[in-house]
Every structure is written in C-alpha cells, then in structure tokens.
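Chain IDs A, B, C, D and E follow the sequence of writing; residue 1 opens each chain.
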Amino acid sequence: MPAEVASLRYADVNRDVVRSLVETGPKYYITLACALGLTLVCFLFPWFYQLNLGIAAAGMNHPQVWGTYEASFIFWIGLSHSGTLLSCVLHITHSSWRKAMYRSAEAMTLFSLMVAVTMVMVHLGRPWFIHWAFPYPNQMELWPNFRSPLLFDVTAIATYLTGSSVFIYMGSIPDFAAVRDRTTGWRHHLYTLLSLGWRGTDTEWHRLGWAYTLLAVLIIPLAVSVHSIVSWDWASSIVPALHQTIFAPYFVVGAIYSGTAGIVTVMFLLRKYMSFERYITELHFDNLGKLLLALSLIWTYINVLELFTGWYSGASTELEALKYKLFGYYAPLYWEMILCCAIAPLLLISKRFRTSFVPMLVLSIAINIGMYTERFLIVGTSLSRKYLPDAWGLYVPSLVELSILVGSVALFSTLFLLFVKIFPSVSIYEVKETLPEAAELPKPATAERGGVQWQPVQ
Amino acid sequence: MGVSIVPALRALKPAALTVATGLAGVLVGFWANAAFFPGTSPRQPIEFSHKIHATDNAIPCLYCHTQARRSTVAGVPSVRKCVDCHNIVAKDRPQIRKVMSYWANQQPIPWIKVHDLPDFVYFPHKRHVQAGVACQTCHGKVETMHRVKRVAPLKMGWCLDCHKAHAVEHGLDCWTCHK
Amino acid sequence: MAKLERRDFLKLVGAGSVGVGAGFMLAQSIKHPLEHLIPYPIPPEEFSPGVATWYNSVCSMCPAGCGISVRTREGRPKIIQGNPSHPVSQGRLCGLGQSGVHVLYNPDRLTTPLLRTGDRGAGAFVPTTWDEGLAKIAERLRTLRENDRGNRICFLSEGVRGHLAMVFERFMEQLGSQRLWHFDFAHPRTLYEANQRLFGEQHLPYYDLKNARYLLSFGADFLGHWLSPVHHSLGLAHSRQGRPGVRGKFVQIEPRMSLSGAAADEWIAARPGTEGLLALGLAHRIVSAGHYRGPDRDGWADKLSRYPAERVARETGVDADTIARLADSFAQTQPSLAIGGGAAGNHTNGVDILIAVNVLNYLAGNLGGAGGLVFNPPPAVDSPRRHASYRTMLDLAAEARAGQIEVLIVNKTNPVFALPAAAEFKEALARIPLIVSLSSFMDETTALADLVLPSHTYLESWGDDFPEPGVGFPVGAISQPVVSPLYDTRATGDIILGLSQRVGLGTALPWANMEECLKQGWREIHQRGSQNGDAESFETFWTSVLQAGVWGQDAHRAAPAVNIEPRVIDGIDVEAPRFSAASEEYSFILHPYLSTGLHDGRGANLPWMQELPDPLTSVVYGSWVELNPVTAQQLGVSEGDVVDVQSAHGRISAPVYIYPAIRPDVVAMPIGQGHDEYGRYAQRRGVNPIQILAPEMEPSTGALAWSATRVKLVPTGRRVKLVKTDGASRQLGRNIVRTIKAVSS
Amino acid sequence: MATSAIGLFVDPHRALATAGRLKAAGFATIEVISPIPLEGADEVLGKKTSVIKRFTFFGAILGGVAGFTLAAGTAVLYLHPTGGRPIIPFPPFLIITYEMTILFGILATVIGFLISARLPAIRERAYVPEAAIDRFAVAVSCDDEECLDRAASLLRAAGAEEVRMAASRPTWRLPNEA
Amino acid sequence: MKRDDERGMHEKWREYRRPGYYEELDYAWTMTIDLDRCTGCEACVTACKAENNLPIVGEKAFAQGREIQWMRIERYWEGEYPNARLRFIPMLCQHCEAAPCETVCPVTATYHNQDGLNAQIYNRCIGTRSCAVYCPYEVRYFNYNNHHWDPPLDQQLNPDVTVREKGVMEKCTFCIQRIRQAKDLAKDDGRRRVRDGEVQPACVQACPAEALVFGDRKDPASRVSASMNDPRAYRVLDELNTRPSVIYLKKVTTDAG
C-alpha cells in the first residue's frame, strides 16, 4: 500500500472526514453560488420559457421530434451507470481499492439519475400531466400503458433510484454515527437521525454486512437492466439504425464507460479540492484507467459491429443511415466521437499516463464529451433519415436546448456540492479497514481524537 | 452515557409541527373553497325559476329545450319564446320586465352555463335522449329548483360508470366523446 | 404533551393560516371559468344549433364556374365542397375553390366604404357611409351623362357572366359609354380567336377528355388552371381508370413540366413557340401516312408538304421518330383529342398555333363526336364578349393619359398587378380624376382609388353563372348567399343597381336588388323551359334550382358541319414566334405560369393557399426561379442562390429551384406572389414576374404574349433558405410509389 | 442507575478475548463495539444468523407477483388494444415483473435490516464515542451492582485502558437469532 | 356484446390473450388511393385543413419543418431531363392494424378502436412524441406551440373537431367526426349499419380525380372492397408488416406509343 496511506491513523480518518464536512472555506461557497446561479439562468429560466411557449423553443421539427433532451436523458442515465454498479461489483469481489472512492461514485449515480429524470420533464410536451404515466387510481379510470417501453423506463428508473439511494445510505450509517459524535448543533441532530442510533456493536456490523451484500447482489442486475431498457426506447422502434439487437449491450457498455470516466473526473476534483490526497491515490487512477481502457475497446468493437451489420444488410434504409452518420451533416461530430472515445483512450496503455492525474482528468472529460456526442448522434442522425425520403429533414439544436444542456451540468454540480457537505464523501470505516490496525500505531492522545471533543447528549 | 434518536426528534418537533399545521391548513383551505364556493349554482342574469315553469305550470322540458331530441345541444329558448307567453302572462313582475327590456332592444339574454363540459368533450344530447335517459339523470331535479344547481360531477369516471352500467355500444371507446 | 410556548403557538397559527390561504387560492386557480349560453333573440327559420345546414351555390374563385355546396353551422360557413349534382364539378372541388371561406373570413377584408384623404397611393383612407359614397359617384356620373360625356366613364370588371354581366351592360349602355371591359390576366383570348376563325364559333367547344382514348395537349395545363381544371381532372381520371380494359393515353407537349405534364404518360419538351409547327408536322405525317382519308386529302398533302418530319424535328427539337409515333397513334387510337392552350397560346403566334392544333383534330376526325370536340349550344344567358386584351388596356391607358377618362370603376380586378410595368398602367391611372373600386380587399388597384365601395364576397351575395366552356348541354346555376353579411358591405350587383337608381337610369334597370333581377331573368328561362312540356310553377322551379344548386337542359347540339379547307394553313404562321430581346444577350426564355394555389395572384391573400406546397416543387410562401440542372451547373448556382432575372423591361430577383423537367434554355417562374398591397398574407412576399414581361402581343387579338419574353440570369451571390416541405426527392429504390407497365391493348 | 460496564481497548484482539472470557464467566449480554466490523466476533460470542435474506427472498417474490398483477390488472381495467398485440402480452409485462421484483427485494432488505439490527434506537443504549474512532469497547450489561463491579474488575484485569459505567436496559432479541 | 360480469374468467383470459383483442372489427374502414388517377393537385390537402382545424402555422414554422399536414403529397423524381418523370403519392395516417405508434404511448393516448381506426386522443396526450418516432410513415404531427387564427378566420373552425393545444401530437383520424355523424344518422333512422358511400372523409370528398375511395372493407359490396381487389393494389412499406388500412393502386406506365 502507498506510503501516504500507511502513515494514516484511525483518528486522522475521522478528523479529515469530519473536517471535510464542517470546515467550509469561501472557495466552496463561491463554487456553490456559481453552480446555483448557472442552474437558475441556464436551466430553470429557459425551461420556464419553454413551458410557456411550447417545445417550439427547442429546435425539433417534423421528422426529428426528439432532440438533445432525449440525448441528455440517455447521457445522464449513462453517467449514473458506474457509481453504484461498480461499487457493488467491487464489494462482492472484495476489492479493497473501492473503499476510498465508492461513496462519491454512488453519489454521482444518484444525482445523475435525478438530472436524467428532470430531462424527461423538460422533454415532455405537457409535463404538467406527467403523473398520468404513473399507476394511481383516478376518476378518469385510466391507467398507464405498461406495454410501452417508456413505462419500462418509468419502473426501471424508479427502482434504480430507490435502490441506489438505499444503497448509499445504508453504507453511510456507521459514518453518520462517527460524525454524529464529532458534531454539535443542528448537524448533531441531523446525524443522530441519519445514523438511527448506530453504535457499531458486533450484531449491528453483522446485520449491516448481510444487508449490504444482499443489496449489492440485487442492484447489479438492476443496473444492467436499466440501461438495456433505456436502449429499448430506441431499439423497439422500427427506425433504421435504431432497430438493432446490439443496442442493449451497446448502451450498457457505453453507460459504464462514460460513468467510469465520470468517476475519474469526480475523484480528481475530490482529491484536489477536498484534500483527500491521502485517500484517493495513484492506485485508484491506475485501476480506473485499466477499466476505462477495457471499456473503450469493447465500446469501439460494438460501434464497428453496428456499422458492419448495417452495411451487410444492404437495405437502402440502413445504408442511408450509415452514409448519413459517417459523411452527412453531422459527420464531424461522429469523427470527434471516435477520436474521444476510441482513439484517445488508447493512451491508457501506458502506466505513466494512468497514474498522472491531470492527463487522466482531461481524458475523462474528453471521453464524456465523446459519449454525449454519441447519444446526440443516435437521436440526431437516425430520425432525420427514416423510410420516406420525402419526409427527411434536418435538426439543429436551439439556444434554449444548449443552455438547458449546460444548465443540467450545473444542476448536477449543485446537487453534488450539497452532498459533500452532508455525506462523508469518503467512507470512514471502510478506509479504516484498509489501514494497519490501531494497536500497531502509536496511541494518540485523547485531545487529538477527531479534533472536536465529544460531549454527552442532553 | 448512551445513544438514541429521541433527543434529536425532540429538537426537531417544533419545526415539524409547524410544517404539519401548514399542510393541514392547505387541505382545509382547499376543502373550504370547494364547500362554500362551489360555483355549481351561478346567479343568472334573470332569476328564472324552473320550479314555477316545469312543476307549477307543468311545461315539459322539450317545450323550451327543443333541440335535445334532434341535436347535440339541447338549446336554450330564444328571447322570443319567453316573450310569446310573457306578453300575456305575469307581465308586471320585475324579472319579466327585465326579459321584456332585453326583447325591446333585441338583446340576447347572456345565460351562464351551469352544466359546462371541457371543449374537448363532445356530448350529444340526442343520443342520450333518444336512448331514453331522463333529463334528471344528469341535470338533477331541475323542475324543483328555483335557481338551477349542478348536482352531477360531470367527470369522465362518472360518465363511464353509466356507459358501463348500460353496456353502451362502444361506450368505452375514447373517440365516442373525444374527437 | 408539553404546553405550547406562546411563540410556538403563534408560529403554528401563522403556518396554518398561510396554508389555508394557499389551499384556497389553489382551488380557486384550478376552477373552470364561467361560460355563457347566448340564444338568438329571434331564431332564423329551419335553423337548429348543433346541426349543419348545406347550401348550394357557385364558386367564383376562378372562371371555371364549379357548383359548390357550403356546410354551415350556427349560420357560419365551415367548409366548401363540390356540388354533386353540378355537371362541372360533380361533387369535387380544387384547393383554391375550397379556400373560398378564407375570402369570406379574411382578416384583411374591407369592412366599410372608404374615402381617400391623402395623396393617391399613399393609402390614407377614412371610413364613410354608403349614402355619401354612392352620392359622390352618382352625382359625378349624372353630370357626365347629362353632358353627353358618358363615354368618359370606364368600367373595368373581373370576368363576370350571367345576369350580373347583363346588369353591367345595361348600366354602361344607359350611361352612354362603350368603355366596359372584363379584365382577367389569364383569359384564353387566343383560344377564342382560333375557335372563331376555324369553326366560326363564339363559344368554346367542350373538350370531352372523359371519352378520349388518346389525348395530345399542346401546352395546356388543363389540370392546373386551363378552363375547367376540376372537370378535366375527372375526365382524365375516367379516361384512364374509368373504363375497364381501356386506358386513355395522354401526351403533354410543353417546355416546362406542369401539373398536367406530371400526370402525362409522355412529356415532350418542344422548343417554345414551335408547338404549331409540331402540330403541322404531325398533320403532315397523318396525311402522308394515309391515316386521313378525306376527299381533300391531296389538298392537305400539298399544303402540308412544307412540314416534313426532318424540318419539323430540326426546328422543334422533337426527333422524327417521336413525331411519326405520335402522329400514328393519334390518328389510329380513336377517339383522340388534341387540345392547345396555356404557354402555347401565349406566343406572338398563339392563335396560329392553336389553329394548327385544331387542324390535327380535324384530320383525325375528332370534331363533334364523343371523346373529341363537342360543340356547345349557346348558354341560356349569354355573356358578352368584353374581355379586354392587352392592347385594349394599352389604349385605355393612352386615353387616360389623354384625359379622356374621368371616372373609372374597378370591380375586383387588379390591372396594376396583372399588367407588365411596360404598360405604365399605374402612371396612367394617376391621370383619372375619379377612381372607384368595388373590391373586397385593398389590392394594388384599390389602393389607388379615391372611393372604395367594398362589395360582398360571393358567399354573401346573389348571382348566377353559366359556365363556359359548357359541358355540351345548357347549364346554369344560381349563387345564393350562404351567410348574412359579416360587414357593412354590399353585393356588386346591388351597388350598381343602387347607383343606377341614384343616377336615374330607372327603366333599363328596374330592379331594387340582384335577387329581383335574377328572379326575373330565371322566370324567362323557366318560361322557355316550360314551352317544352313541364308546367311546374316558377316558385317551385326557383326553389328546386336553389336546392339543387344547378339547372340543366337535356339539349345536345349536333356538331356543325365543319369543313376546314386546307388553305387555312396559308393563313397561319407557325414559324418560330417573335421573342422580345436579342437572343445572345438575353439567352433564356422566361416561362411564367399560374401558380396552383395563387392562380393569377388572386389567391395570394388566402393563408391556406400560401401554405399549400406547390405540387411540383413543394415550395410555400414565396417565389422561385426554376432552372434545369444543367443550366444551374453552367451558371454555378444551386438551390437557394438568389439570381436576378433581367428582361429588357425590368428586373426581379428570386431564389433558384433546380427543376429536373424544364428545357435548359427556359427559366420558369410562378405568377401570384409579389404583392405590394392585398393584406397581411400577400404583402411583401416574393416577386411578380408579370412586371418584367415584354409588351409583345399576338397581333390579331392584341393578347399579351406572356411566354415571349427573353431574360438573362445574373447570380447575386446572395443565398436564402428556400421554404419547402420536401426532404429528398428520389426514392432510392425503396419502392414507395410503385408502377406497373400497361398491358398494351 | 448504571446498568452496564464498558471497557475500552486499543487492541481489537484483546477486546475480543476479554469478551470471550466474560462470556465464559457467565455474563449474559456482552457486546463488542468497534469502529470497523471485526473478524472473529462470532468465535468468541457465538455464531450469528440473520433473517434478512428471508425478507429479501419473500419480498422479491411478492414484488414479482405484484409487478405482473399491476401490469395485467391495470391493462384489463380499461381495455386499450394497441399495435395488434394482446391486452396481456407476456414479454413487456415480464420486464415490469422483473423490475418490481427487484424493487420489493430492496425495500424488504431494508426493512429486514432495520428489524434485525434493532434500529432505529429509541431507548438509550450503552455506547462510547471513542468506539467510533479507534477504540474497541466491550459492553457488559447487568441487573445488579454486584454483577457490574465483577464485570468492571474483570475488564480492568483484562487490560482495558478505561472502564465506564453506562445506563442502558437489557436489549431484546428476535426469535431464532442467536 | 356481453357485459363484463357475464363472462367467465377463462373466457376473459382467452380474450385478453387474443392478438389485437378484437375478434371482429365493427367496421373495417379502409381507403384506397389510385396513383394512376392522382394528379397531385393537393385539393385533398386543403380539404383536410378545412375540415380538421389544421392550424395556419406561418412561414417560419414551415422553414423550421413544423408544418402540420395530416394529408400531404409526397413527390419523387425519376430519371433525368428529358426523361424526367414526377411521381406523386398522397401520404396520410395508414391506420395500421399493427401500428408501432400505438404500443409505445405511455398513456394510451393512441390505441386501436373497434372500427380498426388508429385513434389519437389529444386531451390524453402528454407529448412524449415517441409515437412520431415509431411511425414509419411520418404522418404524426406535433403541436410545437399554441396556434392562432387571426379573427375572424377562427369562425371557420369546425365545431365538431377539437382545436389542439401546444405539446400535443395529432394526425389523420379518417375524419372520425364524419364517421360518427354518419353512424348517428343511421341510428336516427333506425338503421343498424352505415351505408356504403355515406361517409366520406374530407380528402376523399374533395379529390377531383376520384383517386381516393373510402369505405368498409368488411362489406364485400362496397366500392372500396372492389378497388382493394384491383391487381394493382399494394401497401406502402409492407415489408414492415404494419398492415395499413390505406391501400395504394400502382401507377400505370406505358411504353412509348
């Protein structure tokens, strides 16, 4: 294990994590303010404008009825696909390098899911009737249509949202308890409630272990199913270039791919700005790097496969779809995507690259840009080239759409910034597990213990 | 020394209490509006009493609402229809004078709709009347009312229940009422 | 429970009341707003709310005279359909006809008489009353009449038929003026002339497409706007699929594929203006191949010897084999029919071309029989030959300039828009002291008027119509008001009758209004009818005609013994026509055509027509220039590039549309856009090709030869997005429109 | 009054050993409170089994049934034939079933956890905050002073760096949980 | 038709498992379009606009590709000058028996009714627009904003048809209001069925070439059945197996001569 980790003591962990919660510098507030402001200006205002005017505010038109909103929806769902899934897999497989990073990864899952849901709202023509898509008894005696892929989405995403929030919460209970003891005032009350009076007895640990593992087992297939189902929104249509069996795995891989890249980004930021250098180390970047490399290769393979099957079919519609994708109006975007998601990641072969932080950050962002492009192309190049050439059209996103896209990122950041001040963004007890046991360490004086002295509850 | 969530709950109680009262308030307000200002019996430009006409003088509904059997709408009587009788009957009453003044300067009487359906609902009176549905089934005992009051909810579910109960042909096809 | 602190209690109260307030407002906000039930003070007859009423009437959106039935609800017309019992439309109707409701409900209609305040053309008007308006003009008319200067009154009307035309006639007659003209840009003047010369017929024959088995059309867009498009569509459809085992064949000859050309089995782009030559070429073949067996065969052979296939092929650009093939099948597939018109009739030798075409019909024996030319009996009420040619309009302009015209009454025609700038008509109008317009809209001509007496739309007024060309037997139809007038307007007829009373022309025009006039007119028709048998009373007759919307007589006319001498050929000049400017500089021939939706521009203020994708290009809302792909390549322009179209007489610019079916030496532009006035939907939209037309005329008729202008194209370098609905225009082997080869019978 | 004695240890192994010794000495309720899950707590305090997996299993089954019933049931409540398919087609409804299975599984697991871990703690429970940092505490709860003192002395003897007295009531156990 | 409660569980189950649910359609409304008659004059397009309250969207909307034409004419060029030919094909909702658009709607705003029609219920639509994505014929049109009729143009609006609000999908209904009207009249004079030719959608009514025929294909005597049996009959994109109720008759081409 790396030196900086070896030098850690149990108490340091508590102190560092608690500090990350209670000690808030101006830098944080400024960032939060920016994020909030951006959300307001770039997300909420344009959206209200659109609600008032109608989807006319967006650039969609007759053949191209879906646009960036759908693309963003898949993108965010995709981004959500590493955190919890990865965390579960690694938990089941007892890989200890997960422990320092999984909490924030899961948070990413949670918030990108929330953003994805808001994108659905933005996409709808009459979002004020969205409750009709949920099964509740109503005077109209009408029910949603469970035969619709969109309803699969509703159920899947609802489940996934519940699952991942439960998962992240359950993993945090012992940490809430630890923080509870180290905080005062409203925070103390908050964490008292959140920790449900956790003490850390042998029984509690035992139960938690069980529950946690069971959840992990449940969530892995769930996560896989969710993005397959999202892909069916497209694949179960008969639109050329969308009506493909490869789509489910394609989407899942893509999702995990962009999600993992997202984790790298988040890790970098946490490490840099929450001063977790000693917890998030080269080791993590190295492993994530390897994972990314593998994923990028699979992703590339599936892309090639898609082109091949399309070409092999020889059908006018499929060929046209390919032609349009590779050489049509949006071709530059396509090649940009290939560059970002297929070629650039090959750098990950070198360990030096994997273990150097800034380059990894750059790459991870590049990959997600590429992945967004992919989602945009799925929507943008297929619908405009369907069966009847006479009805072909062209779609260019409007300012409102672009601004909402930016705004959604801001919304995500806002949520995440709030998260790091409420949840211990690094798991205290699991990091401790990776440390040499307390006995082997020089005993710290009580004074140092976690900085804040504990006072009994009134 | 020990640990429990109770103290925290106690600390949060006032806030929680406030929120709860607030929400309860919302419900009360909502209910109050529905209960005291239902708008099911608007004040009409002329205090026309169906009781006097339909019960006391036993005028059949279709005498005035002539279209009900033949058209999608039942039709409200033209001002002339009122005048036809009332230039003989009860001329001195203030309300009748009002009618006469409308008639004098050929103004229509701006009745206020009591049974108003959304614009995307197409309710054909003729189908229902011809099927032998009594006016009262939907309009209530109008002949006993001085000022007409809407008694039926006129909600989709309510329509459907009747359609189901009578196994109306294609009575559940959305296009039967929405076009 | 611990006792509440005072502060906490207040907090709770506060929260509670805020909640109640919020809840109340919420409930209030989602409440359905009150609506009213407004009964009639007095209900109209046989009216019942919620039930549609149909009225039969006559369409006057174009001169075809289709019968229409109008669906009204609560006294408001909703949709116009064809009148099934009317022989012209037979229950069908074109897009323009259906847009009649948009004429009625047009937001830009003139709602009250207007009096000019500012300078002419400044567009400053003040509302006035009918009395004032009528008084003003009546007074002027009376003085002119009394001083025997009645001829200084000029009445310019749209093409009208039936009793309204008769009223106009008498009115002007009484005023002592011969200056009564009907002006329609698209009136097939040359066709009438050709007919007159060849058959001595005043009225056009009925072209029996229905029963024809071989149709040869020289430039006549008979499915678009030529004569009676709806009826022709029915005819063509029947000739193709209406007869089991027989499918009529149809060949279209024109420089630019029109709607008819698109429907044709074969489309031949002969050199513009050589249609006549081609016709005679075919004739030559028919005679020389011995298909024609008439006694005067040799005479024909002799006369036609000047038109051997080789020469004709050389000059028309249609190869000799095709000529031979067409000629043979035209002569052999009986009954066959040759029609000519549209661009072919609008050359400097238009009349000659059309005569040549009819020579074909003669030689193939298509005169009189079913599936050929059926000669119409004269209509029950004959309409006067008053159509103003281009020359007439020039004379008019000259007289105006010379100050010989003191009053001009314009009725729903728009010469300022529909005459080339070269005619300088607008300038001429400036010299006329009093211009009165009866238009329902503020069009270019009305904008120059001193007094506007807005007339009803055809859906609000009484009238009648006797379609021309008829359908082979006498037909008439009464147009009745289907809605009570929306505004303070009056029917054209009533205005004229009103005027005549004020001027004191009493005896000649005794009727109080058009309805009376019609009743009397139709009483005569009825009497004529009842001589041969049926003795129903006039009232029943009248109501039955109103209900049916049409009246017809089962009276067919035997074909006149037409015998065409071979020497007609000497009389005609089918050699290449005269074109405006020197060909080397102005290297393209401009082919203006009536746009499907906007006709000659009258449809430009109808939103539906503006939004109707042009059938051949799918362009909406605007003008464009059609170029052959090759031409476009040479000029280095592509779709959307704006080019200057320059004639010797003007210059307009419009975006290019690459059109696969047009001769490389021809550029086509749709007529109809480019209005300066005429309401929100028409104004400042596209360009008007009529403006740059050269003042070339067909000498004998003085008709404007509007296919005779040469232009040059100058790319401006500007580029616009052409607004159209089409995506890609090829099928890419997707088998969407499937075809099947006809089993050659 | 104090009902349990808590000894704090630096070394987890020693803490466990002590716990074992106390158990051997016949103390009924012994808990080891630690900042991290401890391997080998079972050996000294006896094997633990949990009902959570049963919750999960039956929850999932219930979810499956509920899922299909929801889809099929609502479909027949108002018949809307679509796309030439049956009112109750299996492929799509199986997806709903699948998702609902997992959803209910998850929820049941949570409930199972809360019940079997006896959370949230309503009554006050013996606890030492250091045990959330780097101390390993052994908590013994007794009913009488004498027992408490014995426990305390034993703890000290075992080398606890500190022994505290805490107020907490004897905790209850689920049936079939050792 | 038996009432729900009169049927046994087993019988019901069999019904619910029957593909397409309906054992037999009440009417099977069908339209045939003879491409050899069609001249592309677009009278049908205007008729549809007039009958169904289609909005006047304006030039900008057209430029953005947001026009609304339940009935549109598609045009395809073949060959090059001088042999260039233009082919027209009217395109409208095909009322497929296996309609891809129906299954995807999350709120069943579109479904198949007992007359074999593909219904679109505006007031139920929440505007996911997925039906338009799934429709291979591109005949579903979305209301990107509320539409406005300059008064008094609004007086032309057909009171029998809902004016659609923003965020709602719409499409050809085979003029359901006319079909209902006809059924109503049939009921009024005590007839069980609507006579052939009694219902004509606006486009059919208008077509000057009588290229469009509409009727009930269940009735072997109807005009539409007759023209369906024409050897020229085919369905557009039938390889997709959507089983349209709109049947086209092939355009006839001839050899030179």
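Here, a residue touches a chain if its C-beta (ideal position, glycine included) is under 8 Å from a C-beta of that chain, and two chains touch if they have at least 3 such contacts.
If you're wondering where the values come from, they're calculated on a predicted model, not measured in any experiment.
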Chains partitioned by contact, chain E not counted: one piece
If a chain touches chain D and chain E alike, it appears here: A, B
Reference chain D; chain at largest CA-centroid distance: C
Selected pair, greater C-beta contact count between B-E and A-E: A-E
Most distant chain from chain A, judged by the mean position of its C-alpha atoms: C
Central subunit by CA centre of mass proxy: E
Whole-Å separation of chain centres (CA-atom averages), chain A against chain D: 30
Separation of chain B from chain C, taking each centre as the mean of its C-alpha atoms, in whole Å: 52
Cα-centroid distance, chain C relative to chain D, in whole angstrom: 89
Overlap residues in chain D, where contacts from two or more other chains coincide: 75, 78-80, 82-83, 85, 120-122, 125-127
Per-residue overlap in chain B, given as positions that touch at least 2 other chains: 1, 3-5, 118
Two or more partner chains touched - positions in chain E: 65, 67, 74-76, 100, 103, 105, 108, 111, 124, 237
All pairs of touching chains, each written as two labels joined by a dash: A-B, A-C, A-D, A-E, B-C, B-D, B-E, C-E, D-E
Parts of chain B lying in touch with chain E, wherever the complex brings them together: 118-120, 122, 124, 126-127, 130, 164, 167, 169-170, 173-176, 178-179
Interface residues, chain D side, partner chain B - complex: 78-79, 120-128, 164, 166-168
Chain C-facing residues of chain A, complex: 63, 316-317, 320, 387-393
Complex contacts: residues of chain C adjacent to chain E: 73-74, 76-82, 89, 91-95, 98-99, 101-102, 105-107, 223-224, 229-230, 233-234, 236-238, 240-241, 247, 249, 257, 259-260, 262-263, 265-269, 322, 325, 329, 486, 596, 607-613, 615-616, 618, 620-622, 628-630, 660-664, 680, 721, 723-726, 729-731, 734, 736-742, 744
Residues of chain A that touch chain D when the two form their complex: 9-11, 14, 135, 141-149, 151-152, 155-156, 158-159, 162-163, 166, 170, 173-174, 177-178, 181, 196-211, 214-215, 218-219, 221-222, 225, 229, 428-429, 432-433, 437-439, 441, 443-444, 446, 449-450, 454
